[in-house]
Amino acid sequence: MLSGLKGLGVTLRGALRPKVTTEYPKEHLPIDERFMGFPALTWDSNRVEPYCTGCMVCVRYCPTQCMSAQMKDNDKFVEGDSHRKKIIESFEINLSRCILCGICVDVCNFDAIEMSHEHERSERLRNANRVDLPELLEMGKKYQAEVRWKQSKPSPASPNEKAEIKAVSEAKKASEADSEATNKQSEAPDSGEDAA
Amino acid sequence: MLELVHFQVLSAALFSIGIFGVLARRSAVLVLISIEIMLNAVNVNLVGIAAFSDRAADVRVFGQILVVFIITIAAAEIGLALAIVLRVFRNRGSANVDDLNVMKW
Amino acid sequence: MSFIEVVFAIAGLFGLFTGLAVAVLSLTWMERKTLARIQQRAGPSVVGPHGLLQPVADAMKLATKEDMIPNYADKLLFWMAPIFVAVPAFMIWIAIPFGDNLAVRVLDLGLLYLVAISGIGVVGLLMGGWASSSRYSMLGGLRAAAQLVSYEIPIVIVILSIAVLVQSLSLDAVIGGNTISIGDDTRDLPGQGAIPFAFIMPMGLLIFLIAGLAELGRTPFDIHHAESEVVGGPFVEYSGAHWAVFFLAEYLNTFVISALIVILFFGGWSWPAPPESLFGNDLSSTATNLIGGAWLMIKTYLVAIGIFWIRGTYPRLRIDQLMAFAWQVLIPLSFVNLVLIAIVLFYDWPLWVMTAVSLPIILGVGIAVQRRRGARGRPQTVRILRRSAGEIGVPMPPASTPVTDQVQAGG
Amino acid sequence: MTDPVATQIEDKFTYQASSEPGTVDMMVNMGPQHPATHGVFRMELRVDGEQIQDVVPHIGYLHRGSEKLCEHELYSQIITLFDRFDYVSNFNNELVIVSAVEKLMGVEPPPRAELIRIIMCEFNRIASHLLFYGTFAIDMGAITPVLYNFRDREKIQSLFESVSGARMMHNYFRVGGVKEDVKDDFTSRALALCDELERGVDETDKLLTENEIFVERTTGIGVISGEDALDWGLSGPVLRASGVPYDVRVDEPYSRYSELDFGIPVGSAGDCWDRFYLRILEARESLSIIRQAMALLEPGDTMAQIRRIARPPAGEVYAHCENPRGDLGVYIVSDGGERPYRLKVRPPSFCNLQALKDLTVGHYIADAVVILGTLDIVLGEVDR
Amino acid sequence: MTAQLVVFYLLAAVTVLSSLGVVLTRNVVHAAFMLLLALLAVAGIFLMAVAEFLALAQILIYGGAVTVVVLFAIMLTRSDDQPRADHSQRPLALLTAVGVFALLVIAFVASDVASLESATGVGTDTESGFEALGLGLFTDWAIPFEVASLVLLVALIGAILLARSAEDGE
Amino acid sequence: MTTEGSSNPPAKRREPEVPQAAVALPPEGIALAALLPEALADHGVEVGAAIDEVVCTVPADRLIDVCRLLKDEPSLKFEYLRLLTVVDYVEQVGEFEVVYHLFSLANHHKMVVKTRTAERRPSVPSVTSVWRGADWYEREMHDLFGVTFEGHHNLSPLVLPDDFDGFPGRKSYPLNDYEEW
C-alpha cells in the first residue's frame, strides 16, 4: 500500500510534464525525409514528360498487384525531344490495396516511381481510392518539390539533343577542323591553294 | 384523517398475503420471502399502535423498540434460513419444500 | 405544510436537479481532463473552449442513440434497473447541506439517511445485471452486489464513529459543532470550523476514502464494470438513454462521496477561519451561504480530482482480494476506529490522542499489508543469467518448480 | 420442462453439469470481441461462479493463409508478408526470413548491415515490450501506463521512420543486407532515444511493479513449470519465466549477437509476475545491446553483392531468431526457383497459446485475463 | 380526505400489490424485486407513523442487505428443472389467507384496540422519537438488545458454516 | 511455377540446372550424425543432412518409437519440438512429408525427423503423447493438408471455419480460383 504511493508520485510528475500528443487535423507531426507514403510517378521537367516508360517491372513485382500500366510510343521521341522511345499511357494504382512496401521503387530502373509523402487518403468505398496517371504525376510533382528530388543518374540524351550534340560536336569538330585547316593553311598556305 | 384502523387493516392484508405465500409456494426461498412479508405486517401493526397510543412517550416507544428487535431477528432468520436452503440445495439438488420429504415414511 | 413551503421545496428540488446535472457534466469533463493531464494528453478540446461543451455533446449523443433491449432480456427489470440506480443517487442529495441549515430538507437523521439510501443502488445493479441476460452483466451484477454490500459496512461504521464524535446524526452538527448535555454534564463538541475531522480521525478518513472508492466502483475497486474482464458489467447491454442514466448515477455517486468526504472530514461549507474575520461582520446570511456553498464545491471538486488521480494510477484488485481487503483490513480497522473514539470521548481525553493513536495504526497496517509476502514488496524471482554465446548445455530448472507459499492464489 | 420460467432460463443460458449436485457451471464466451483478448481470439470459459473450470481456446479468425501466399510470392515480396505476422515487432520478423534465405544461399551480409539489423531488432523488441506493459496494465485496470508506453513507443517508431521510411511495416531488411544505410544523425538520435527509453522503462517499473496491487495480482497466477513449458513448446519470455534459459540469441547465435555481451533474464516461479518482470529486465538488456552495437558500428557497405531477385539453391532450411514473443522460426523448402516450394512459420505466440488451458484452470476470470496478457499473443502471428 | 391519507393509501396500495406480486408471480427473481418494493413501501408507512428511524433502518436492512441476500440465494439455487411455482394446495392456501384476513379485520374492528385512537394521533406528534428510542434501547431494553446482537452473531456464524461448500467444510 | 507443368513434375524438369544448397554441419551436428545411426539402428531410419541440420527419415509406423527414443535417450534428449509441418510432394512422388524439427537444450543439438505418407488417406501417428506441444501443430496441419494424426485427441478444425471444404494447404488447392467461403 505504501509503495503504491510511489505510483501516485509518478503520475503526478507525469501530470506536470507537457503534453506529448498533437491534435491531428490541426497540427501535423513532421514527416521524415525517408517517409514512405503512397507511390507517385515522378515528372521529368527537362523533357516535360513522366520518367515512366511503362516497362511494367513495378507492376510485376508488386506484392499486392495494386498497379496496372500501359505504355505507348512516345511522340516526343518521334519529334526528337525525348530519349524515351516508349512512354506511359495510363497508370493506375489502387491505393486502398497498396501496402507501402516500396518494392516498386526498388525495382524501377528509371527513377520513375517514388514513395511520396502523401499519406492522408481515405475513402468510404473499397475502390474509391484508385488514382490514375495525372493524379499520380501531380503527387509526384508535389513530392519532388518537397524534397528537392534529384535523379539518381542523368538521363541519356534525346534524339534532338543527340542531334544537337552531334551538331555541336560536329560544329566543334568542324571548327577544330577549320582551325586545324587554317593552322595547316597557315603552315602551308600554298598547298591548300594548290588543292583548291 | 389517518386512523389506527388503516394500519391495522393494512397489516392484516399483508399478513394474510404472507400466509398465502407460505402455504402456496413451493420454492423454499419464496416461502422465506413470504415469512418476511408476515413479519413486516406485524411491524406495521406495532408501529401503528405505537404511533396512536396516548400514553407517555417512553412507553410509546416500546412499539418501535419491538420493531427494532423484529427487524433484527428477521435479518438473522433470513440469513440463516437461506444458508439452510443453500445447504439443502447442494445436498439434494432442489430447493423445493415438497422435495424435503426424507422424514416422511 | 403551507403552499409556500411546497413551492419552495419544489423549487429547491428543481434547483438541485439542475445543479446536479451541471455538476455531473462538469465532473465528466474534469475527469477526462485530469486523466488527460496525467497521461500527457490533451483531453477533450474540440467542442467549446477547452472542450468544455464536450459533456453536453456526449449527453446529446447518448440521448439520441437507439435504445436497444436485448431479445431475451427481462424487459420490465431491464427498464427499471437504471431508475433504481439513479433515484437513490439523486435522493441522497436531499440531505446534503450546502450551508448552515441550507439543504433541500434538513434531516435530524441525516447520516443514517445517507447510509440507508445509498444501499438501494446495489439492487439496481443486480437487477440490470440479471435482466440483461448476458453473462457478463450477470457476473458484473453479482460482483457489484458482493462488493457494495461488503464495503457498506466500513462506511457505516466510520459514519457511526463520526456520529459518536459529534453525538448527533445530523449533518449540520457534523459541520457546525454541537452542544449536548448528558445528565448534568454539558459539553461543547467540536465543529469542523475549528478543526477538520481529518486531523482527529485520519484512520476514519482513509477507511472512508477507500471504502468510498469501492462503493463507487472506481479504480482500484472497479471490478464490477471492469472493461477487461466483464466488459462493463451490468451495463454491457445498455445503450442510449438507459446507459446515460447509469452513467449519471455513477458520477452523481462520485460527487456524493467526494462531498461526503468534505462534509465528514474537511469541514463542509465551514471556513478555515470564521467568515467574519475575512469579510467583516456585515455579511448577510445569503452571502455567507453562497460563499459556504462555493467553498464546499471547491473542496468537493478537489477531492473528486484526487479520486480521478487514483484512477489514473492504480490497477484493479481481483474479487477475492477485494473481499479479503474489506473483511480482513477495512472492517476491523473501522471497528478499531469506532472503539478508539468511544474510549477517547468516554474518558474525556483530548481529541489529539485519537490522532496520535490513529497514525501509528495506519502506518502499521500499511506496512503489514505490504510485507505480507515477505521482506520486500517485490518478489525476487527473476535473475539475470549471463551465458557466453553458444555455450553448450543449458542448465535445466529443477524437476518441478518449487511452489512456495507466495504462489498461492489470493489470500 | 413445461414451466415458462425454466424454458426461459434454458433459452438464456447454456449450462453444463457441475461437480456439485443441482448446481450448474456457466459458459462464458470471452471474445472474439472482448477487450482483453488482444485481437480476435475467443475462449470459452466454463466457470463455477468466478472460478474457471475449463478453457477452450478458439483461433483462426485472422487466418489469411500467409504460408500458402508465401509459396506464390518472390522472396523479396515475402518480406512484406512477414512484416504482418507479428505486427508489433516487424523488424524481428523480417530478420527471420532474410536470415533463412541468406542461410540457404550462403550469403553473408556486410557487418554494418548486420549491426543495423541488430539495433533495429532490439529497438523493436523494446517497442514490443512497451506495448506489452501497456496493454497488460490495461488488462489489470491501470489506464495510465499504456499511454506512457505509447509515448515512448512512438519515439522508437519515429526512429524507424527515419531509417526505413515506415513506422510499422518497414520492408527494410533485404536478402544480403538492408535497403539503405542509416542517416548521418542516426547514432546520436539512437543513443538519445536509449536514454529516454531507459527512463520510460523505469517509469513503468515504478508505476506497476512497485505497486502492491499489481504484485498481488500477478504472483502465483498461471504457474507453469519449466518441464511443462518445454513440453508445450513454449518459448521466449514465457519459457524463460519458468526457469529455462533458452534464448536463440545465445543458444544458436545468429547475426552478430555472439560479439555482444548481454544477460538473459530468467525467472524461477513461472508465474505472471515473472513473465512480466522478465520483460522489463529484457528491455534493459536490449538497451545495453543497442549501446554495444552502436559502439561497434563502422562505416561500410550495407548490401552484399547479389542478384536483386534472390534465387536460392534447392534445399531446405530452418532459421529462427529470438523475437520479443519467443522463438520465431521459418522452414523453407526451396526447389531452386524464385519462390519457395513450401514455407512454414514457427509462430511463438501460437505455441505459447497452447498452454493456456494448463495455466488458467482453477483461477478466477480476472486471472484468465492477466494470464492471457502475460502470454502476450499477437493474433496476426497466431493465425497467420 | 387529507393529503396524508392519500399518501397512505398510495403506499398501502403499493405494499399490498407488490406483496401480492411476490406470492403470485411465476418468476422467482421478480418476486425478490417485488419484495424490495413492498418493503420500501412499508418504510414509507413507517414514515407516516412518525417512525423515521425505523423507516431508515427498514431501507438499510431490507433494501440494501436482505434483498441482495435473497437474490443471491435465488441465483445460487436455480436449477434446470424448475418445478411448478405453486403447490396443489393453492386453493386451500387462498381459503386460509382470506379467512385469516377476515378474522383479523373483524378482530381489529371489534376489539378495544381500535379505540386507542385518540387526540394524540399521528399528525400531532411531529417529534421524531429516535432519542427516546435510543434511550429506551440502551436502558430498559439493554439486555434484550444485547441478546438480539448475540442472536445476530450466532446467526452469522451459523449461516457461514452452513453455506460453506462441502470441500471447504472438511 | 509449381502449378504450371502437368506432365513433368517441375522439380524434375529443373533438376539438371538447379544448384543444391551446400551442407555445412556444425560440430555438434557431425557428432549427432555419427551417433544417430547406431542409436536408431532398429528403426530403419536414414540419416542425412540439410545445410546445418541432421535429417533423419523414419517410416511412419516407427515414428512414435523413434520420437520417444529421441526424447528419452540421455545422449539425445530432444525435449523441445520446435516445429511440425507437412510438405506437399504429391505432384512429384505422390506423398506428403511430415517434418519435425527438434532441439535438445541439454545437449544443445538439433535435428529434423521426417516421415512420409501416401496421398490417399494420408495418416501418421500423432506425437502429442511425446511432446504435448504438437497438439495445435497437428490440428493445423490436419486443417490445411488433411493429414490425419492417429491418436490425436481432438482433430477439430483449428484455424479454418468448422464447415470449410477442402485442404487449402495442398498444392492442388488453387490460390485464387476458389469459391469465397
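Letters are used for the chains, namely A, B, C, D, E and F, taken in the order the chains are written, and counting of residues starts over at 1 for each.
Following the convention adopted for this analysis, a residue touches a chain if its C-beta (ideal position, glycine included) is under 8 Å from a C-beta of that chain, and two chains touch if they have at least 3 such contacts.
Here the structure is a predicted model, which is why all the values come from computation and not from measurement.
Student: So which chains are sitting against chain A and chain C at once?
Tutor: D
Student: Central chain, going by Cα centroids?
Tutor: D
Student: For the interfaces B-E and D-F, which has the higher count of C-beta pairs in contact?
Tutor: It is B-E, judged by the count of C-beta pairs in contact.
Student: Measuring centre to centre, with centres taken as mean CA positions, what chain is farthest from chain E?
Tutor: Computed centres place A farthest from chain E.
Student: Just the number, please: Cα centre separation of chain C and chain D in whole Å.
Tutor: For chain C versus chain D, the centre distance works out to 40 Å.
Student: So the centre of each chain is just the mean of its C-alpha atoms; given that, what is the distance between chain A and chain E in Å?
Tutor: The computed centroid separation for chain A versus chain E comes out at 86 Å.
Student: Let me have the rounded angstrom distance from the C-alpha centre of chain A over to the C-alpha centre of chain D, please.
Tutor: Chain A and chain D have C-alpha centres separated by 38 Å.
Student: Need the CA-centroid distance for the pair chain E / chain F, whole Å please.
Tutor: Chain centres of chain E and chain F, defined by C-alpha means, are spaced 73 Å apart.
Student: Where in chain A do residues touch two or more other chains at once?
Tutor: If we look for residues of chain A contacting two or more partner chains, we find 1-4, 7, 10-11, 14, 20.
Student: Of all the residues in chain C, which ones touch at least 2 other chains?
Tutor: 38-41, 312-314, 369-370, 377, 394, 396
Student: Would you give the residues of chain D that are in contact with at least 2 other chains, written as numbers and ranges?
Tutor: Within chain D, the residues that touch at least two other chains are 20, 22-23, 144, 148, 151, 207-208, 210-213, 244, 246, 251-252.
Student: Touching residues of chain C toward chain E in the complex: what are they?
Tutor: My answer: residues 74, 76-77, 80, 108-109, 112-113, 115-117, 119-120, 122-123, 126-127, 130, 142, 145, 149, 152, 169.
Student: Which of the residues in chain F come into contact with chain D in the complex?
Tutor: 1-2, 10-11, 14, 17-22, 50-53, 79-83, 85, 87-88, 99, 101, 105, 108, 110, 112, 131-136, 144, 157-161, 168-169, 171, 173, 175
Student: If we count contacts the way the header does, which residues on chain D are in touch with chain F in the complex?
Tutor: Residues 59-60, 63, 65, 67-69, 71-72, 103-106, 230-234, 244, 246, 251-252, 312-318, 320, 327, 329, 331, 333-339, 341-342, 344, 346, 350-351, 353-354, 383-384.
Student: Report the residues of chain E in contact with chain B in the complex, numbered from low to high.
Tutor: Its residues touching chain B are 2, 4-5, 8, 12, 15-16, 19-20, 22-23, 28, 31-32, 35, 38-39, 42, 45-46, 48-51, 53-54, 57-58, 61-62, 65-66, 69-70, 72-74, 76-77, 79, 83-87, 89-90, 92-94, 96-98, 100-101, 104-105, 108-109, 113-114, 116-123, 125, 129, 132-133, 135-137, 140-141, 144-145, 148-149, 151-152, 154-156, 158-163, 165-166.
Student: Would you tell me which residues of chain D are touching chain A in their complex?
Tutor: 73-74, 76-77, 79-81, 83, 144, 148, 151, 154, 158, 161-166, 169, 171, 179, 183, 203, 206-208, 210-213, 308
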